[in-house]
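Handing you this structure, nothing more for now.
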Amino acid sequence: MTTSAFAAQGADLELVGIQKRFPGFTAIEHLDLKIPPGSFFALLGPSGCGKTTTLRLVAGLEEPTAGRILIGGEDITGKKPYQRPVNTVFQSYALFPHMTVLENVAFGLRRRRLDEPVAKAHEALRLVELDHLAARKPQQLSGGQQQRVALARAIVNRPALLLLDEPLGALDLKLRRQMQLELKTIQEEVGLTFLHVTHDQEEAMTMADTVAVMNKGRIEQMGAPEELYELPKTAFVANFLGQSNLFTGPVVGSTSEAIAVGVAGQRIVVPTARAHRHVGEVTIGIRPEKLSLHLSAPAVDPARNTMGPGRVIDVSFSGVSTQYLITVPHVGTLIVFAQNMAFGPVAEEGGEVWVSWDIEHGFGLEDEPADTPRFEADTTTRSIAAQRRASLITELEEV
Amino acid sequence: MTTSAFAAQGADLELVGIQKRFPGFTAIEHLDLKIPPGSFFALLGPSGCGKTTTLRLVAGLEEPTAGRILIGGEDITGKKPYQRPVNTVFQSYALFPHMTVLENVAFGLRRRRLDEPVAKAHEALRLVELDHLAARKPQQLSGGQQQRVALARAIVNRPALLLLDEPLGALDLKLRRQMQLELKTIQEEVGLTFLHVTHDQEEAMTMADTVAVMNKGRIEQMGAPEELYELPKTAFVANFLGQSNLFTGPVVGSTSEAIAVGVAGQRIVVPTARAHRHVGEVTIGIRPEKLSLHLSAPAVDPARNTMGPGRVIDVSFSGVSTQYLITVPHVGTLIVFAQNMAFGPVAEEGGEVWVSWDIEHGFGLEDEPADTPRFEADTTTRSIAAQRRASLITELEEV
Amino acid sequence: MVPIVYTFIFSFNDSQKSNITWRGFTFDKWLNVCNVQNGAVCEAFGNSLIIGASATVAATALGTMIAIAIVRYRFRFRSKVSLLLFLPMATPEVVLGAGLAAQFLSVGVPKDIVTIILAHTMFCISFVVVTVKARVASLDPALEEAGRDLYGSPGQVFLRITFPLLLPGILAAALLSFALSFDDFIITNFNSGAVTTFPKYIYISASRGIPAEANVVASAVFILALVIVVSAQVSSAARAKRLAKSG
Amino acid sequence: MAFAAFATTTSEAEQVPRRKSPVALLLLLPGILYLVLFFLTPLISLLLTSFQAPSEFGDIGQYTYAFRWENYLQVVTDYLPHILRSFGFALIATVLALVFSYPLAYFIGVTARPWPLAQSLMLVLVIAPFFISFLLRTLAWKQILSDESFIITSLKAVALMAPDAHFTGTPAAVIFGLTYNFIPFMTLPLYTTLERLDLRYLEAASDLYAHPVEVFRKVTIPLSMPGIVAGTLLTFIPAAGDYVNASRDFLGGPDSQMIGNVIEANFLVLQNYPAAAALSIILMSVILIIVSIYVKRAGTEELL
Amino acid sequence: STGGATKPKAATDKSAAEKSIRWDNWALYIDVDAAGKYPTLDAFTKEAGIKVKYTEAVDDNNTYYGKVKDQLALGKDIGADAVCLTDWMVGRLIRLGYTQELDHANIPNLANLLPSLKDVGFDKGRKMSVPWQGGFAGICWNKEKLPGGLASVEDLWDPKLKGRVGVLSEMRDTMGLIMQDAGVDVSGDWGDNEFNAAIDVLKKQVSDGQVRNIKGNAYKEDLINGDTLAAIVWSGDIVQLNAENGDKWDFLVPEKGGTLWNDNFVVPVGSTHKKNVEELINYYYDPAVAAEVAAYVNYITPVAGAKEAAMAIDPALANNQLIFPDDATLAKAHVFRTLTGAEEQKYGAAFQSILLGS
């Protein structure tokens, strides 16, 4: 077994009150983070939110303006990159083009003057199944192979903490999914702490033990993937991690069990335990796959919320499931996902439908509804044709 | 309305017995294709299968080794690119960097000495909502905007046929989905024939009226997206367009309605109409989302096929749905998708399960089972860790 | 930098025959550059300009054609052609100059401005090829295809797409050629016959003291070039900044 | 800018497969013919000249075609010191130019990256010397460093130079001149590679436990090798054949004459054409041999 | 690549149409005023209507020849209509047929040519060449740095002067002085032994670093900037340098002997302005003009009657030994004997190899 060589256990990482200012720009406002040893931690967030900056701070490639960084309990804030027990798999891989694959992998070992760098490098290459290409130059490898060499080059050092900055970003979808599986398997095998940065929500959810969603230099929410997905705290998380149907309205009634929110004259019930705000205006949500479509008004069921009638304005088949866009007057456009368990759509475009969902599946956000930062439409990159469609929807709604 | 300027109707395209040989390599063996006028046609296939070559042949940028190309019934095989009523949106956009957006769009009109090139170019830019950027240079535009300029530059010529060579390939996922919508809307608006090349199956299915799946220089199957997805003819199509569970076995019984296939001692029934081969060894399949999971052996139901017991070897949560990998002894590994309509997985990793599906949902392939070109695992880019997992599965199966 | 400052300062020296010791400040030399010694400085300078311009035009045209051929086409003797292009760059100037001189002598060609231009064109070609080649290689062939696709005939595509896109490379090559030609002395010395170029003028004058007028001409060229280059750099930097902002 | 000429074109993206076409010939022919006519034939005529013998009863400078290979023996015995000195001077000047240029190019190309304007202005300063005749600059040095000049007298005053020592006309002066004149030729190719140096490699190296010194030795230097090779060639080749710096009218003296001066003297003064030609051929051959060995060892063959 | 056996043909004269002359000469060889103009030349232009482009293009006989020989061999224009070169080089040019025959009818003042110069070995009857100026090669030193002065060539080898000594790249002057220092009569019958002994002396001084600068007329720059403190030089130059740079130097024809030479006008084969040049020569053979030039350049004038004319300008001038040497002065200087072609090749190469060092 090759595992033996990588017996070193991962260490935990702690960021305390980290702030990072660039001239004229504050990339990270105030960041506290604790990653347990041996875990696969995914840092997720939109472009420019500060993910790479966070990683570079941990690696020592940037200095924090304020705050402390601890690895395995030891404060390493002042240490130089080459003194830190941390290695990075860069998005661009940054494989040294003038060295062979083997030399690349042995580089770190040689710098630390460890014994048998070549043997250990071969072992790491065997782990990523590339030992037969040890003599090649990086340019002679495919993207997927390069990614694995970068991984081997980092892992071979048995760092307490492995940083991965979108290592899969450059791969096409198919290869990417395959690599995700492998990366996860390798992490389980070597038992190191992985801090994985990505902006692909599916990647984060399928790979990580813990996911943190970052936004504008802050961690918005952090937890197990299912926890985050099923109970998002903010509108940003609700829409960044998958899609959500969100409604805003006043709390019109509440028991210890549940609160009722008035949305366009309909009472929508959400379990108290799943709602972060219990009085005043609140925003509540439901995931598209939790919605059931009905072609006639469903019977009243106290365990379910109902909404409708609405009109189907778009049906789009994507293989596994079909996506329906439904406009409900005075509420807005709802998205419904229905798995294609049978042939053909459940509802036709233009048809009248109702939707319902189990009360237990709703969630209530923590955001002030006023400044709920809904995911804004990127109007500058929307064509007139697409905008016309949008305005048609609005017209339709107002009828 | 701006539509008026683009009144020219799309023409149909016909490729008759096209062959294309490069020195030392035959890119296209024998290709027959007919695209109806005004349709949105997607050419889908893996990298290197000949999609770009096909497009370049139609555009006149390559000459076919054999065969004829007809547009609107007229043979244009011998014509030079600049004599063909065809325009291309290149993957890299190929916007002229030394000209403004407006000059780019007016270029084709000017070459044909048409009246009022500037006015028409502005009109086309308005269609893609970029008229306010007419004076910019392409480098000053975002990726999405460049893509739209490329589209305007082609559309403004009102070509009988518009070729799009992975125009969305360079965009990130989010922008890509948005652009797909716009492209489709614009096509509907201008009514031209679009021949769209992609290797993204979801893109092909959501956008096109007709999808053709190409493999190694041949069209494997062609039809409406749902038709192709629900009734794939070959293993290649079954696995390239989404994922499939495939089983091979002898036909052990048949009626006019259905055939029964023996798979590892179980009888699997497939409707005759949905099976391409009715005797001997056949390969049959079922889509992962059509499968239902059972925690105990389901009651016998003549309308459903059942398989099991098997063991869950992987559960992976991806938000909307959860993917289960189930090993059934002597059959192999099955994939099951279950929409997360409730919280938590239906089955736990390691648990014993059965699967069942509606007989109507199965399909039978046309391929000779012997040479069924299963989607080969890309062993060269699979790590040892992932392979170990695979071998574990095999072991498990043999127990 | 020091010699440049020195040259510049001594262009204001109120010197007489030799310009070695400082004799006081004067603008006279700048005002009367072409008046001394029957305008020998200016004549030499003029010759250098003519030679530089002609060699630049010829070398740029020939070199650009070769660069396009090398990047875009396959042909036999490829490696031989590359070698032939590399050799002039790897040949010391004395050898080039002496070789050509021997050649002109044996064929009986009198040396004059034409032989200088021929010689300069020769050693500039390789540099042009190197410069333009990089540009051609980075030119996306899809742009030309797009041009053809958009109803451009081959001639129109070259004129409106290929040429304008190669232009920066061609201009850079031309600038380089001109600089190389303008400053060449060794090859010129062997092949100039009675014609005096600016560097040759300086070389000859070196034996009897460079007149301050030579410093004037050199300083003027230097300042002019500096102004051109700096303003080009500044404006391109400004453009880059604008681009970054609007991007 | 013209610096592109010094750029190494190693990493050109491989284009679509190239086509065969008669157009290629049409494009190549004029230029290639030109080079054959004005580069290749002169070389051949030089080769022929190098074997000539003095005409019997001829006056000074009169020779006839022959195959006198002894000419080579003769020039080597007569001028071996000059041949060795040329390559020695060129080598020292190249090394010195590299030592001065590398930090300069690194500063402009890497350190100054956040300030593109400053970067291009510094670059202008590097190429500035191109615009003032190099003869004039060299002569300026001759005056600036003459025995009674401010610099030399002050050096002597502070005893950094022996009182009876002098600078112009010495080998040191020639090497100084060569180094000075070729620094831009060294700096520009270095700059073009360093400017494109991907700093992520340096970060990756420091992430992999390399000290700054090791980063420089193991990563920066190897990655800038194409620039180093291009720069050293662009310096070494012309420096080995230069005769202006070593000319007695410029910075040289009788004990610092280089092979270029010998060729010039034989060609223009002594009228000994065969000797001049033989020396030229020797010079060129040695340079070609050195270059090809060097380029092989440095692993940058694509450069050619 | 060699000069052919056929001699080039003289170009057709266009003097009638083109009233101009291009004249290549040595530095410090003509009268110049404070404004940088040449007074005698300007007067000539005014008088004859012929423009003269005067260029100080000659630094050394050999390098000048090297620059123009190919054109001469082809009979093409070398960019000059008149050149003043030293006797031996003029001899070579005439031998090779690179000069045009002068029409003495156009130079009536040629009658003023000093009788001693009327008939020379290399040009019987002065058909091809006419003297411009003559002079001595001797030694000079910087008076400020070397107040003790120098007396002989031997003194140049004083170790105190190490690296600050210059000699001329003109073989006949440098070797001539060194040979005479060793007691050889350079105008007499000497051979390889005498020459080689002197070469050894020079070689030693060069390789020891005693002699740093070996130059043509450019030696004057080294005197001015101080690199050279003592040197073998040409007589008149020093007077002119003193006039321009303050009285810093002294000149002396050594007791053991200096050299005496003349530089002569020739018209190169390719020139189309021979008649203009003849007019120019005629002008400068006017004793008054000759005296004016001599007064400035301090070289020996070949024009009879110039001394009288000089007397009119300034009696002191007439007694200047550099311009009008008396017999005692002349006795110290000797003309370097004519060399055969083979000797020229042999001695030239030996001397050149010292210039190139080793």
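Quick notes on this one:
Labels for the chains are A, B, C, D and E, by order of writing; each one numbers its residues from 1.
In this section, a residue touches a chain if its C-beta (ideal position, glycine included) is under 8 Å from a C-beta of that chain, and two chains touch if they have at least 3 such contacts.
Everything quoted here is computed from the prediction, not taken from an experiment.
Looking at subunit A and subunit D, not one chain touches each of them. Counting steps between touching chains, the shortest path from subunit B to subunit D takes 2. Centres computed as Cα averages put subunit A at a distance of 92 Å from subunit E.
Centres computed as Cα averages put subunit C at a distance of 18 Å from subunit D.
Averaging Cα coordinates per chain places subunit D and subunit E 38 Å apart. Rounded to whole angstrom, the centroid-to-centroid distance between subunit A and subunit B, based on C-alpha atoms, equals 27 Å. Taken residue by residue, subunit C touches two or more other chains at 20, 101-103, 106, 206-207, whereas all remaining positions touch fewer. Multi-chain contact residues, meaning those touching two or more other chains, do not occur anywhere in subunit A.
Multi-chain contact residues, meaning those touching two or more other chains, occur in subunit E at positions 1, 59, 215, 218, 225. Interface note: chains touch in the pairs A-B, A-D, B-C, C-D, C-E, D-E.
Against subunit E, in their complex, subunit D makes its touches with residues 45, 49, 52, 55, 58-64, 78-79, 81-82, 142-143, 146-149, 164-166, 168-170, 248-249, 253-257, 261-262, 265, 267-273. Contact residues of subunit D toward subunit A in the complex are 198, 200-201, 203-211, 214, 218-219, 222-223, 225.
If you check the complex, the residues on subunit A that touch subunit D are 59-61, 80-83, 86-88, 90, 92, 94-99, 107-108, 111-112, 153, 157. The part of subunit E that touches subunit C in the complex is made up of residues 1, 27-28, 32, 34, 36, 53-57, 59-60, 68, 70-71, 73-74, 76-80, 215-218, 220-221, 224-225, 244-245. Across the complex, subunit B is touched by residues 140, 142-143, 145-153, 156, 160-161, 164-165, 243, 246-247 of subunit C.
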